[in-house]
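Going in written order, the chains are labelled A, B and C, and every chain counts its residues from 1.
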Amino acid sequence: MRNVKQKVLIYSLSLVIIIVCVFPFYWAVVSSLKSGTDLFKVEFIPGNPAWRNYLEIFKEQPFGRNIFNSVVVAVGTVSLALFLAVTASYALGRVAFRGRTALLVTILAVSMFPQVAVLSGMFELIRAMGLYNNLLGLILSYMIITLPFTVWIMTTFMKQLPKEIEEAAIIDGANTWEICTKIFLPLLWPALVTTGLLAFIAAWNEFLFALTFTIEEKARTVPVAIALMTGASEYELPWGKIMAASVVVTLPLITLVLIFQRRIVSGLTAGAVKG
Amino acid sequence: MASKFRSDLTKERTRAAWVFMLPTLLVISFVAGWPLLRTIWFSFTDASLSNMSAAQFTAFENFEFLFKDSSWGTAVKNTLYFAVISVALETVLGLVIALVLNSQIKGKGLLRTAVLIPWAIPTIVSAKMWGWMLHDVYGVINDMLIWVGFIQQPIAWAADPKLAMISVILVDVWKTTPFMALLLLAGLQLMPQECFEAARVDGIHPIRVFWRVTLPLLKPAIIVAVIFRSLDAMRVFDLIYVLTGGSSETMSMSVYARQQLFDFQNVGVGSAASTLLFLMIGLFTIIFLLFGGIKGDKIK
Amino acid sequence: MKKLLIGLLFLGLIVGGYFYFADGEDNSDNDAVTITCGMVGLEHKTCKEGVALWEKKTGKKAKILPAPNGSNERLTIFQQYLAAGDASIDVYQVDVVWPGLLENHLEDLKKYIPQEELDTYIPTLIENNTVNGRLVAMPWFIQVGFMYYRKDLLEKYNRPVPQTWEEMEETAKIIMEGEKKTGDNIWGYVFQGKAYEGLTCNALEMMNSTKDGGTIIDHKGKITLNNSQAAGVINRLSRWIGTIAPEGVLNYEQEDCRGIFQSGKAVFMRNWPYAWPLLNSDDSPVKGKIGIAPLPKGGKDGHHTGVLGGWNLALSKYSKRKEDAADLIRFLTGKKELRRRAIVGGYFPTIESLYNDKDIVAANPLMKIMKKVLKTITARPGGQTGSKYSQVSSVFWNSVHKTLSKNGTAEENFATAAEKLNSLSKNGTKWY
């Protein structure tokens, strides 16, 4: 009897959780199919779906280019962050050298920087390097967001690898670089996927830096493009299109999440609990 | 292995470790160290956005200004209020979700994906979405609440400063509880299953099990999750910026700093505010780490 | 491992190629004058046409660089560009309240445009753009706040278009009560009450419409906010919240107001002219049922006014092609081009005589209403306060917002605000 009650409780809880989590996204989809006055009405299923919102966001502004930018920035960030994280985490996770803890704490400290605090300094830096309005500038500045946690999570994974493998390799005469790339890297693929995905999402969603370090429409990433979307006149807000754009940006992420949900969970947890 | 060989190896490995660390260290000192030092330096000057190079050293003038400015006081209060309430709610709700996710039910994949959605949506998008849904006249939330019968009149969610803060907190809870839940879920999954098995066989009520076994065992995971989230919550920016604009009644420290930096061109004061925020977060981390460390040891 | 390397290589190629091509585009026309203008729909189109006309006339080249559409974001980015002494943008499109903020970085345009030409512009605008005796921007197009009303409802209750705020309050109450009886909930008045620049505009024009109701800061830079007239106006506005205006106005921007008005849930609305064509679009439930008028007067002895909004063109001090750039500004803000813009895009011209032009009046019915308030337009204290304007405005809107959310009376909040302004201004005399 108690079991049945428990089951009912858990299932209804799950249902509530799913509804609460998914409803706003559903609402975004509904709003994205409205235009004009329909937007100011509450309707749960749009009576007169305005599919053209989806066409217009690509026609009226370089939204395709914005998506491409976001992909370039996110992929660039992931590659750079993973490369750095793998090398650093090998050192941090496998070698017991003096100052290791201090380094780990420093890296953790970086992850605590409020973005606003480094904004003006970062702006100077980007300009000094001539990377203003350039996606490379964004990739570089995103290191401050992604490096700390990629290093931290990869270090945890590195630590978990059995010592015997490494010892065997040393006896076989492999040098450190070979150990890292030939022996550990293949074992770390799952971890790389997880961490990469987290970095991808972080870079894809970043707003403040992307807003500050780009000026031209065609250099913008997606969140900035959405935030700055306007209608035909200065004050008009094209809600339907903003929502359509939001749905377009969020769908790939949801797909990624759907495919990799297990990995994300294990990645998040590895980074947090053991770190 | 001979000890001579071993120590040579250790030396070589230590050297290699530093070489491996080098790129990361370079990048971090470059993109994090330098800007932070600049910000700290600016906080002691009268730098203005329109003429940064002419900045003059003014010692603690900016900090004095902050202590006198009532808006900064409000911003600090708001930030702490936001952090405490939202993290508390997220912890409780996160625990509930984690427990559900950890139970033996069908369709877990679906649930897990659903839970990850709020987290995957860009903050700027979800803030706008919620602003839209919370609109007092044509927002869907009021509509549903009236339909259910919870309220008679539509509520102006983002209008009154107090209510606006609550709305901000609710949206944040929606967005970050999943993250919290996942951190806690990890803790749950690491627990020895034997305890629960034994409790179940003995027929102990699940609620008792929760209070007596699960919660104490989960404490370290909760503490870590709370630390992570609190530090994050103290930096809150986009949500408040999008949902409530430039009202000094609902401003957080980050929003205040941005306003000084860019809207008011007071790079000096803005940097000072950022520096204080950074110091505060650092201080909290140290406190949390000490506190968390002690507790963690006791449980072990 | 190989796969990873190949992947990275491939990625490098994509990224490299992308930047190669992106750079190639930018280097193509190095001696073109670069202008940032028209970031939104129609504005962009009209600006492009204007620039093309200039190119045709002079045989020179110009390039349009779109900037962020959000006014705040645009300012931030311009400030950063200018602070860095960047020469890549020659002509900036600047808001009417920015001249004071950006003055340090802008050229004096009196050097390039003869005085008699300047004299044809609306004096308030030239005054607004003159900082420290230097004309740092040319007025391009303007807008003011208008009162939108429901023609059908006024007729139904047999009420005239309100001439004073008091009349509006009365009419709003009558219609609200009347509609309630038939089961329709309708609000009396919606305006922009969120704590942002829009609230400064709304509150200031209401204060300014009363006799001696005043300004935040007068022409000479003296703080005038703390007076009983102004406080009375804001106290009245505060009383309206929850009675004739929904509590939600405390978080409304332009579009929130339009949404309510367009769905037929408000009798009166204060908004910028952009809303007019949208409210009259085919799917609008209030199409044909609405009217537009100058904002009401504050009492019988007050006057109709509206806060000045709009955009100017300014020349960067760091430009390397100042002569050409100034010529482009002169062309775009010249009478002929302003006339074209008024007819094609409905933009309110900045030269007074154009409001008598038949073609312009025929193209846009709002021109006539605008003409009525031209002489009494209210400028925000951007010029007087220079780089401090955003702070002044934020102090002001916060004090008004506080009063509207029933947190203290206007007298109390204005007293505190005046003190704050005083400390901002080095004792109420010098702002920069």
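By definition in this document, a contact is a pair of C-beta atoms (placed from the backbone, for glycine too) under 8 Å apart; a residue touches a chain by one contact, two chains touch by 3 or more.
No experiment lies behind these values; they were computed from the predicted model shown.
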Practice item. Have a look at which chains touch which and call the overall pattern line, ring, star, complete or other. Key: complete
Check your understanding: What chain pair has the highest count of contacting C-beta pairs?
Key -> A-B
Revision key, fill the gap. For the pair chain A and chain C, the C-alpha centroid-to-centroid distance in angstrom is 37
Review point. So how far apart, in whole Å, are chain A and chain B when each is placed at the average of its C-alpha atoms?
Key: 16
Study note, to complete from the structure: Note: chain C residues in touch with at least two other chains are 76, 80, 253, 259-260, 263
Check your understanding: Which chain A residues sit where two or more other chains touch them?
Key -> 39-41, 83, 227, 239
**Study point:** Two or more partner chains touched - positions in chain B
**Key:** 49, 52, 137-138
Point to revise | Touch list for chain C against partner chain A, complex | key: 1, 4, 7-8, 11, 14-15, 18-19, 22, 39-43, 65-71, 73, 76-77, 80-81, 84, 253-255, 259-260, 262-263, 272, 274-275, 278, 281, 283-285
Point to revise | Contacting residues of chain A [partner chain B, same complex] | key: 6-7, 10-11, 13-14, 17-18, 20-22, 24-25, 27-28, 31, 39-42, 83-85, 87-88, 90-92, 94-95, 97-98, 103, 106-110, 112-122, 124-125, 140-141, 143-144, 147, 151, 170, 175-177, 180, 201, 204-205, 207-208, 222-223, 226-227, 239, 242-243, 246, 249-250, 253-254, 256-258, 261-262, 264-266, 268-270, 272-273, 275
**Study point:** Contacting residues of chain B [partner chain A, same complex]
**Key:** 9, 12-14, 16-18, 20-21, 23-25, 27-28, 30-32, 34-39, 42, 49, 52, 96-97, 100, 103, 105, 107, 109-118, 120-126, 128-130, 132-133, 137-140, 143, 174, 178-179, 182-183, 185-187, 189-190, 206, 220-221, 224-225, 228, 231, 234-235, 237-238, 253-254, 257-258, 261, 267, 270-271, 274-275, 277-278, 281-282, 285
Practice item. Please give the residue numbers of chain B that touch chain C in the complex, ascending. Key: 48-52, 71, 135-138, 154, 156-161, 164, 244-249, 259, 262-265
**Study point:** Residues of chain C touching chain B in the complex
**Key:** 72, 75-76, 79-80, 82-83, 101-102, 104-105, 193-196, 246-251, 253, 256, 259-260, 263, 265, 387-388, 390-391, 394, 397-398, 401-402, 405, 407
